[in-house]
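Per-chain numbering from 1; labels A, B, C and D assigned in written order.
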Amino acid sequence: MNYTIFGESHGPAIGVVLTGVPAGLELDMDAVAAEMARRAPGQDPTATARKEADQVEILSGVFEGKTCGTPLAAIIHNTDTRSKDYSKLKDLPRPSHGDYAGSVRYAGCNDYRGGGHFSGRLTAPLVFAGAVAKQILAPMGITVSSRVSMVGGVADPTEEQINEIILAAKADGDSVGGAIAGTVTGIPAGHGAPDLGENAEGIFARHLFAVPAVKGLSFGAGFAFASMRGSQANDPFYMDGDTVKTRTNHSGGINGGITNGMPLTFEVAIRPTPSIAREQQTVSLSRKADETLIINGRHDPCIVRRALPVIEAAAALATVELLGK
Amino acid sequence: MNYTIFGESHGPAIGVVLTGVPAGLELDMDAVAAEMARRAPGQDPTATARKEADQVEILSGVFEGKTCGTPLAAIIHNTDTRSKDYSKLKDLPRPSHGDYAGSVRYAGCNDYRGGGHFSGRLTAPLVFAGAVAKQILAPMGITVSSRVSMVGGVADPTEEQINEIILAAKADGDSVGGAIAGTVTGIPAGHGAPDLGENAEGIFARHLFAVPAVKGLSFGAGFAFASMRGSQANDPFYMDGDTVKTRTNHSGGINGGITNGMPLTFEVAIRPTPSIAREQQTVSLSRKADETLIINGRHDPCIVRRALPVIEAAAALATVELLGK
Amino acid sequence: MNYTIFGESHGPAIGVVLTGVPAGLELDMDAVAAEMARRAPGQDPTATARKEADQVEILSGVFEGKTCGTPLAAIIHNTDTRSKDYSKLKDLPRPSHGDYAGSVRYAGCNDYRGGGHFSGRLTAPLVFAGAVAKQILAPMGITVSSRVSMVGGVADPTEEQINEIILAAKADGDSVGGAIAGTVTGIPAGHGAPDLGENAEGIFARHLFAVPAVKGLSFGAGFAFASMRGSQANDPFYMDGDTVKTRTNHSGGINGGITNGMPLTFEVAIRPTPSIAREQQTVSLSRKADETLIINGRHDPCIVRRALPVIEAAAALATVELLGK
Amino acid sequence: MNYTIFGESHGPAIGVVLTGVPAGLELDMDAVAAEMARRAPGQDPTATARKEADQVEILSGVFEGKTCGTPLAAIIHNTDTRSKDYSKLKDLPRPSHGDYAGSVRYAGCNDYRGGGHFSGRLTAPLVFAGAVAKQILAPMGITVSSRVSMVGGVADPTEEQINEIILAAKADGDSVGGAIAGTVTGIPAGHGAPDLGENAEGIFARHLFAVPAVKGLSFGAGFAFASMRGSQANDPFYMDGDTVKTRTNHSGGINGGITNGMPLTFEVAIRPTPSIAREQQTVSLSRKADETLIINGRHDPCIVRRALPVIEAAAALATVELLGK
């Protein structure tokens, strides 16, 4: 299964085409809607005020409620696109956004309104694709879950702490970053390979780094390995009935690029939303001169919580790809 | 440019085939040899005693000293393969090695001698490929460098500290992990895309996670983003003459999956070598019973230093791929 | 540039997503419409009566009239889908259609109405994609053209002959096959490679065999080579000013899988439309018994003329891919 | 399974790397040698006098006689490379060879000796790869066969006729082209898809057009469809016990890009060897002037018979790819 996401934040619609979908999957559209709702804006006092139904319209690849096996196209119409003037973004790139790099890459022809193709809104079709992937995995006993493992420097925060940290940042016109820990259980041993393009870590990385704002990814003990000795890090094998297991899982379920039957565990770093309310230093691309910029509009001070279903979607899609290798 | 690495530690030869090599590159074989020497075993009092010349033989794709543009195949003969009995590895997988996952993946048919296709020895052809990549990049003003950013929990260690930490581990029959920080300078702005398979982070991840022992990868501030606010994390733009630059580089040279012209910076986590001299718990795959294992033979207590040219090779190959997108 | 076509004949919409579109191309929508019109049904007394506007709606990748460089999605709504009962097709596969092979491939879950994803209607988004490709090629001086080289066994037929042959078949409740000769002029020498996946013939084949009803493809003299001697077949070189040319072009502009600067010429065989009005032998898939079938509905007795813009589209897309290799 | 062929006719060695080989296949090296022998030169009074053992050396991916599942690299050393002067080929491209197109493609850096990477000798590793593919297919009951369907314009020639035609051409210092008909039996229904990159015809085309000298490819009735009516062309279904079959097989076992369970039949056109003994017109690339050329050396007047195992190899590799889709 492969996917292509298309769309711009203020164009007619955003969407996704999934190819290689197995035929005969009875799509649970309520489960899809539930995933979409987890990501949707406007559900949370700390989040952006933009409210859109994120109503998915399936154009192809589903017949009488079941997947056909042919390419599955789904779109979400853009409805709440305010007509305000975005044109200054064309000249004054927002720090740490894709504006400047994108204007070079796309020869100044990218749709800059609302971030265009770089918008976090493009994660909506990704969540849709991930919901399909989860439904492919569920009958195999494979589940994908995630939790906020850090926000604003606080490890393993509670809901209450998360809200506090976010609201404090919001009060300062600022944003905060975080991290998400993910787990995929039920992947049998023996998927992946040590080679380029086939190792389990690389396949997960391909999908997870395609999520905007992800700037780090680790498996198992991850960067903590740099402070460990082999005798601590190695996962001792034992027999659990007829099944080979490991007593610890520092390897995150992967050895030599191949799954070993233990839960696949990973963590991603999420950068703070670059859209903050404070004055920032930028440049005028037309005048080639330093400038200051104040970004107006609706912006989440922290996207980490809304990113949970997005990260799960990417992990589910990675798992489907891994199983197909 | 793409590459395929082949070979087993105790087979006749290991090697690599590079496709899409630009034609007309005058290969500097001394520079290639220098890279190979950085990775080679036996050069360092703390490293493994296995001594092999790692002599690269080019079979195709080079004519009269220049690349032809046709597939470039290079092999390294395995010469120092000791005839000792490896057969117990077939039944007793080494903890945190690819032995068990590999035996499932390859239906028990993988060559287990000396780690087979999972051996760190397979990084030799990778370093060769990376040396070619570096020579492709150099005329564009692009350089790749790296340093040990952590070893055994000590950040930014000196050579002296590294030796101490490694020798202490060796004395304990143990090994240590670490981290490597890499930098690619000179990549112009505008390479990559936000999309799956095209974003700069994903392309680097594809190459870096294909290096054995790499269990984490981050760009710019990486996991430190989880403790930062947007006002700290954002990289302010300014004009340096006619060039757009940023005052900080927390983004690691990438915004929205696209290079922004600043140095591309990344860090990888390297797990401790799983081959340690201590008794470990494992299982007998044939008898499905718990067992203990003592690994004999020549093993590095720390591969982080030898991994530097390997990580640079992967980064150079990633850069060449990125520029071709 | 790559493309994915999606949709079913009687679903909500059909469409295409183009990735890797160069940024900044000013899309000439009149030229697009003209191409669409060449393929559209209902324009010709010999062709099917189904009338649909084939109105293309662009959802993404175009901003202020220019391509953004981001994925370009375009859809065509299905409007003239008659509500008649197609369910017997599910049980009685039409000879030489994709019905039976598709029901096996897609576990009986494919949308069989009007041919579903196998419908010739899916060539409409292909023509759209080809129109974009032609506009990418035109500024490079590259043009794609085609003509009916055979219909119903008559070589190089005139319009009058084509009409006669088709109407005679129609009167018999039958259909006729044909062939199309295509030419791409202006491709510079030096594109392609002898290798798998990179040779010019293979790239054209990938695109042309993806067109429904294409069952043969040849380059230059093609199957006539089987009756030629080398002294007749070889194309003598000569200098035309500073340009290397060949006096004949039996090679169809390709030597060793690489373009040689001469026009790229090819021919495709088009099978007769399998939908004919006569009684045919089939089987009942549910009862596993022989059956007879009469296909009702609107069907072209010959698709060769309408296939011209489709074949040109595939050739234009192949050329864009070839130039990117 | 995918493959990369490397090597130049007069370099140290030619070879192939196969990836995605299933693990545990007991390689029958006698069967491999038999396939190699069918292609080898010097076995036939009408063929080239160059004699090489074509001894395959397996470097990786096979352990204790079985495939490991890891990349399988095999090489053939070039032994009979005469030291004669090929340098005039650099300046005087041979008509209808890859010399000129290759010199443009590879910026004049290709190894021109003996055709370099364009040499028909590169089909030796292809035959090796095909022999592995055949051994993968055999246990599934899939067989690949071929026959000379035309030589020098004579359809379905006998061995005697073939020899006569070839010797007559040889006497004239000329060469002859031909065609090969191939059949793959035993592919189950339901493999492939109508889509780009997935249709059965396209997958076969990718492999078959990568064989040097192939300039045409058709399936089933192929170009004869252009002279047929639908009522003749359509393949009536019937039940053979529980199996759906067709009474004719004009479709060549493929409908809608998907196998239908009938034998997959195809035909390829083979151009006459461009190396002929007669004086030919060419150009001097350095002086940009018209020139004449006489090609010396050992050349087959007809490669059609030696191409049989090569075409079968490509078809076997295509079948393995098709089954994996």
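Going forward, contacts are C-beta pairs under 8 Å (C-beta built on N, C-alpha and C of every residue); 3 or more make two chains touch, one makes a residue touch a chain.
Keep in mind the model is a prediction, meaning the values are calculated, not measured.
On residue numbers, the A-C interface is repeated by B-D, which shares over half of its contact pairs, out of the options B-D, A-B or B-C.
Set side by side, B-D and A-D show the greater C-beta contact count at B-D. Note: centroid distance chain A to chain D, computed from Cα atoms, is 45 Å. Here the spacing of chain C and chain D, counted between their Cα centres, is 26 Å. Centre-to-centre separation between chain B and chain D, using Cα means, comes to 37 Å.
Multi-chain contact residues of chain C, defined as those touching 2 or more other chains: 4-5, 19, 70-71, 105, 117, 193-195. Taken together, the chain B residues at the contact with chain D in this complex read 4-8, 11-15, 17, 19, 23-24, 57-61, 63, 66-73, 75, 105-111, 116-117. The residues of chain C lying in touch with chain B in their complex are 19, 70-71, 193-195. By the touch rule above, chain A contacts chain B in their complex via residues 3-5, 93, 95-102, 104-105, 117-118, 122, 150-153, 169, 172, 174-179, 189-197, 199, 201-202, 205-207, 209-210, 212, 214-239, 242, 244, 246-247, 250-252, 254-261, 267, 269-276, 278, 280-283, 285, 288-290.
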